[in-house]
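Take a look at the structure below.
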Amino acid sequence: MTDKELELLINTALKEDIPQRDITSENIISEDHISKANILAKEEGILAGIDVALIVFQCIDPSLHFTKKFKDGDKFKKGDILAVLEGKTISILKGERVALNFLQRLSGIATLTNKFVEKVKGTGVKILDTRKTTPGLRKLEKYAVRVGGGVNHRMSLSDMILIKDNHLAIIGNISKAVEKAKEKVGDRVKIEVEVKNLEELKEAMEAGADIIMLDNMSISEIKKAVKIVKGKIPLEVSGKIDLDNIKKIARTGVDFISIGKLTHSYKSIDISLEILKES
Amino acid sequence: MTDKELELLINTALKEDIPQRDITSENIISEDHISKANILAKEEGILAGIDVALIVFQCIDPSLHFTKKFKDGDKFKKGDILAVLEGKTISILKGERVALNFLQRLSGIATLTNKFVEKVKGTGVKILDTRKTTPGLRKLEKYAVRVGGGVNHRMSLSDMILIKDNHLAIIGNISKAVEKAKEKVGDRVKIEVEVKNLEELKEAMEAGADIIMLDNMSISEIKKAVKIVKGKIPLEVSGKIDLDNIKKIARTGVDFISIGKLTHSYKSIDISLEILKES
Amino acid sequence: MTDKELELLINTALKEDIPQRDITSENIISEDHISKANILAKEEGILAGIDVALIVFQCIDPSLHFTKKFKDGDKFKKGDILAVLEGKTISILKGERVALNFLQRLSGIATLTNKFVEKVKGTGVKILDTRKTTPGLRKLEKYAVRVGGGVNHRMSLSDMILIKDNHLAIIGNISKAVEKAKEKVGDRVKIEVEVKNLEELKEAMEAGADIIMLDNMSISEIKKAVKIVKGKIPLEVSGKIDLDNIKKIARTGVDFISIGKLTHSYKSIDISLEILKES
Amino acid sequence: MTDKELELLINTALKEDIPQRDITSENIISEDHISKANILAKEEGILAGIDVALIVFQCIDPSLHFTKKFKDGDKFKKGDILAVLEGKTISILKGERVALNFLQRLSGIATLTNKFVEKVKGTGVKILDTRKTTPGLRKLEKYAVRVGGGVNHRMSLSDMILIKDNHLAIIGNISKAVEKAKEKVGDRVKIEVEVKNLEELKEAMEAGADIIMLDNMSISEIKKAVKIVKGKIPLEVSGKIDLDNIKKIARTGVDFISIGKLTHSYKSIDISLEILKES
Amino acid sequence: MTDKELELLINTALKEDIPQRDITSENIISEDHISKANILAKEEGILAGIDVALIVFQCIDPSLHFTKKFKDGDKFKKGDILAVLEGKTISILKGERVALNFLQRLSGIATLTNKFVEKVKGTGVKILDTRKTTPGLRKLEKYAVRVGGGVNHRMSLSDMILIKDNHLAIIGNISKAVEKAKEKVGDRVKIEVEVKNLEELKEAMEAGADIIMLDNMSISEIKKAVKIVKGKIPLEVSGKIDLDNIKKIARTGVDFISIGKLTHSYKSIDISLEILKES
Amino acid sequence: MTDKELELLINTALKEDIPQRDITSENIISEDHISKANILAKEEGILAGIDVALIVFQCIDPSLHFTKKFKDGDKFKKGDILAVLEGKTISILKGERVALNFLQRLSGIATLTNKFVEKVKGTGVKILDTRKTTPGLRKLEKYAVRVGGGVNHRMSLSDMILIKDNHLAIIGNISKAVEKAKEKVGDRVKIEVEVKNLEELKEAMEAGADIIMLDNMSISEIKKAVKIVKGKIPLEVSGKIDLDNIKKIARTGVDFISIGKLTHSYKSIDISLEILKES
């Protein structure tokens, strides 16, 4: 994501929040009033998006000073001051909500990802995200997954072949689908195949899949799958993963676990902006 | 939101998901293959965004037929078919993820809002959202809140005056802030004031606030506030609301309860698209 | 309006004026020729838009020096030098027309607004604009109204409820319209009602309107309206206002007078850019 | 101007007027209510922009029926119904202001242009506009000039060479400027030269100017200029033209008169939209 | 590429070619004049972009009829009528140049690609393009390569890992570079390595490269490389390929040959639009 | 072309090349690694677009240092270092391909143009381009033609009248077409007429054409045309021009020769970017 792209996204967000003027601040605070403000953690988490917050304020007023106290990837606790702002009060107040809307979401994703990553520590398993991202925010959300210690699954439909149940419903069988794909891309792109049971798993292996995704299988089936594959190709587990069952799945010997909720159902981290009263 | 604006947002989302081509479907499925597909609820909820899903598919391929089986605001249960698609298979598969990414999020918001609305039924209290919306999606998310039975708080910084703690940190006291605001907008815009305790509440009333927001007060304080105000101006409660405590708050006699998590920490509803196997 | 939004508008204007190249200046003046130029008032007025002019030149060539001699809101007379430019001659000439097109219009609005404001001085009446603004320029034009001493009426259809004759043609009567509006927005937004006669005025008062607009009433009717309302709610007069009749209307005791021509039929102020001959 | 470009401009205008929702109409009128409405002339004029108005309504709601009763270039009088709309009431009301904002301005330009054109009837003189157009609206405004019977001066800095006083301040003399221009464009583009007196006029003729603009000259000087030029090259008069003096100028025998106020200081024509009461 | 994206590109091209109006056609041809026109091949080739041409005309005037006589991928010869247009003459003339500018380039690419494809027929070698595409036209140009029988190399920096000489200049050796890449993407993306000699080839094989690109090697070296690799991983040849030497390279037994000039130095095919004289 | 326009074009190109991330460089090179790199000529040519390359790198990372060693218009030979880059390695690698894609094309145009210009040296003939430019790149490509010593034909349909065979197919004869054009633009714009034979040439002269284009005539016809015209109006030759026949055509005494292939079929100049190994 180039800076220009990010600026475009931020400006869309600013236009949404301030289509005309900030009729509260601009009417009651004088234009040249100067403040200092803290960006304050109200609960613990892993920080992601502090530079996005910085650029929000720069888009509004390049003369604001924004001093980072934590950087992306840092663990913070309740009460920590994440950044300090100084400059025109009206500029700070105009950027507050949009900056926090980015920061709270991205930190929410990094924090949730990190919880899963911690759970599988030592197993060698990698936590993957999915394409279930918020429209318009994919690059940022996938960035936050990386910040939390996760690894990105494919970024889009354009960068990897993943043959799923809907494709198989049309093509009929895995061998034929893989064969067609290889014919067109000529071994130049990885081919992943989603399988629902051990028969499909074997078919995918024989067809020459590069990666196999075990979709919604039970622990015991996953264990059998691991035995069948014997490390010849990587295995990814997907479906119904939560913080309670992930450790058990990770211990089966699979390589990847992909989790939709990292980006579709995370919780925003509580972060606020507080203007410091003059003393 | 005009159709054009929505199309722009959808096209951004599509470009994110298909920056170049869908290298799976376009390589293994023939261009003129036709399918029928169901959009299927995997859990219960309140539907929101079915027309957004429709427009996603129209942006990709205007020749697709999309038949709505449920409409926004309808309650659906697990297993319900929400809509049926017919047309080019590749077009259906290209739109699947983006359509669902919108539909699952908006239905998530409508469903959560509706749970709160149900809790306060009979009390006359209205459930409000906040400006804690996802960058780029505010209009859609606020629409989903209305679909769920909620009422929109202000849409942006431009359409209502809300004097908050950060303003008071600068101006010093409520009376002065309200006075300045009235001077500039000449009684033409509602002025809401956020108060943290009963002293501030009284000051705001005397200053002529049109609405007062009780921020993070205890139930007993809220009760006292209701007694003080005696129905002369509307009261809004904000801060730390959840499905467990909302009923108690609603019964205090306040008019509005605003809830950030309606838009900042909702859970996507599980909805999938399934291509029907030819028989 | 963020700087980015303004830059976008300015770039549209520049593209209109220089779709390819400035084939006069670029062909006859050498690229590194340096000039000094004055932005010169050819008639008196109130300045508005000097920063817009500045940004026009910055968009073309960030190395140009632009020194403001007057600032927005200042009164200037014929012959005053409003700003001085120094830098590449070709850059100055490329920005000349677009900068003046903004500056002359915005100063025209500020100047006209100010004439009306001067007329009502001492009466306490506030001069309002309308939504009859030039497509694409609303924020700038409403800004120019404020520079001239006016107050902004609503910025858009999204920020205030104004029930007009067309609404009443559909709903049937004022009470019902106001009631519906209150039901939906729950006392959270000001409701203004446009009335054509004293009966409607009374109906609007009883219905609980927050502001009443007297549309195209005679002076004597306005006087009666003021007596009926007795200061309980603000009154706005609208329709056929000019510099000759405004004082009489202002003296009736109303609170606001809204004037469409501030933005739909103003006269551009004559301002020119003159390159200084080298001596 | 392609339809797409116009749609972009219209959507910008719509976003300005309805950044979020139309909180009046959408709250008090039911979504499926149908109306008929007239676009009504409140004073006489020459129509321009009726198709722009049509596209505004199509951008909001393609299902609206818009029946033109007059077409661009037609003369209308007070009370004439210019067009009739039928369809969803809310859609009509959402487009009303933006459609009229275009229609009133463009008809204002066509009407004013036509008054000048009528004044010079029989003299063979052509009325020209200038580049003093509203930022963002140049193509539409220049179109309205043509509708009113005028002829467009250059559309931009890219399509004709016009050597003005500021160029001469730098180059020093007309001969040198014209020579440089011819050298670069090789006789491929018309070269117009602005002159302030008869000496400069002669110099421009000798230098080989294709057209000469007489800037701010008195009637008697203009007459002398006509005698000097003897029809060899076209003459354009510019500066301080109004409806009172234009006839006299036209009779001097010049070819063109250019008038900035056609686009910088016109008056919007009073046109309104009226929903028809159901009977 | 969605239709919307293509429309955006086309509109940019149209704005470039008609920033204001078509001052020839619009001034000399009446607005309602109807014509029939042929899109005519002036030399032989492989057609690509006929639908782009169609959309160009639809963007200008949706009422034009465009009848395709050939479709993308078809071979045409000099004198063939590729498509027939009927409708408003001015609309046809406005779209002519832009439609041809797309059509001639894309057909140029498809034709050149096809010549290379024909040369390697029977060898099993696949012809690849590169990222040396025209800024703004990558998707269209890569589409034209497919139309001509080629296969697309990676679409962008985001969809495959290709370790090139510049990376190796930094990392130092191939093993380390491949190891780092695998560590980050965890076997999920194909890794291609560019090698300059046989030592590097062996190192890349040992490091576990998925594909190896032989950059600028001699035929004899390529033959040795094929022997070393023994079909275990695909080989791609790159650098200094032309129609004369490609057959010899293809016969060495490599899998892919990538050719920059397919998109950076192709020749436009001569195609014209001819209005039919009325008889 | 303002800097903003160019930035927009560059950002489109960057988004094409890096829709998500550079998954090679970002995964194997550390974020703070610093490099020095040369932009190196691999063959001789005339440089054009060095500032475009510079802005590409600035769009990616404003902290990169880019030192120009040659400037546009300079002749360079194989092995010359055209520019030197210093800064973050990842930033250099992300911009490499896009910067070169612009630079190689524009230098290709300048170099080809210059070859034609050299051929006609001493004849006084000017080399013209056409509107056969790459969609989206017209201004840059026409700039490169000027860098190579050529002169721009019209930039677009909006800036000159050129009556071509398609117009004549509709209007019937040249006199009528020229007359109509003059009537509308009133002698304000140059009128060029394309003729296919000497009869049409004479008709165009009599009709008052300002320039005449001889389309696809033989040398002997061109010579006759020159005799007929006797220098009264400029003559342009068009059609089937190459480096072999241009000198002969130039010596006939015509004024301009226009060449489509300058922009539709040029060859990219081989230029590469090489990271310097640390020593």
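Labels for the chains are A, B, C, D, E and F, by order of writing; each one numbers its residues from 1.
Throughout what follows, a contact is a pair of C-beta atoms (placed from the backbone, for glycine too) under 8 Å apart; a residue touches a chain by one contact, two chains touch by 3 or more.
Small disclaimer: the values here were computed from a predicted structure and weren't measured.
**Student:** Quick check for you: after a Cα superposition of chain C on chain F, what is the rotation angle, between 0 and 180°, in steps of 5?
**Tutor:** Roughly 120 degrees of rotation.
**Student:** On a CA-centroid basis, which chain has its centre farthest from chain F's?
**Tutor:** Farthest by centroid: B.
**Student:** Hey, which pair has more contacts between C-betas, D-F or B-D?
**Tutor:** Looking at contacts between chains, D-F has the larger number.
**Student:** Residue numbers at the chain A-chain F interface: does the shared fraction exceed half, giving same, or fall under half, giving different?
**Tutor:** Both copies, chain A as well as chain F, present different residues to each other, with under half of the numbers appearing on both sides.
**Student:** In angstrom, rounded to a whole number, how far apart do the mean CA points of chain B and chain C lie?
**Tutor:** The answer is 34 Å.
**Student:** Nearest whole angstrom, what separates the Cα centre of chain E from the Cα centre of chain F?
**Tutor:** 21
**Student:** Based only on mean CA positions, could you tell me how far chain B sits from chain E in angstrom?
**Tutor:** 45
**Student:** For chain C, jot down the residues that touch at least 2 other chains.
**Tutor:** Residues 15, 18-21, 139, 155-156, 158-160, 184-185, 189 of chain C touch two or more partner chains.
**Student:** Name the shape of the chain contact graph, picking from line, ring, star, complete and other.
**Tutor:** Topology of the interface graph: complete, with all chain pairs in contact.
**Student:** Tell me, which parts of chain B touch chain F in their complex?
**Tutor:** The contact residues of chain B facing chain F are 15, 19-20.
**Student:** Which residues of chain F touch chain C in the complex?
**Tutor:** Against chain C, the touching part of chain F is residues 1-5, 139, 142, 155-156, 158-159.
**Student:** In the complex of these two chains, what residues of chain D are touching chain F?
**Tutor:** It comes out as residues 126, 151, 153-156, 158-160, 184-190, 192, 210-211, 234, 255-256.
**Student:** Tell me, which parts of chain B touch chain A in their complex?
**Tutor:** Interface residues on the chain B side: 9-10, 12-13, 16-25, 27-29, 33, 35, 37, 89, 93-94, 96-98, 100-102, 104-105, 108, 131-139, 156-167, 169-171, 177, 180-181, 184-185, 189, 260-261, 264-268, 273-277.
**Student:** Applying the document's contact rule, which stretches of chain B touch chain E when the two form their complex?
**Tutor:** Residues 7, 11, 14-15, 18-21, 59-60, 62 of chain B touch chain E in their complex.
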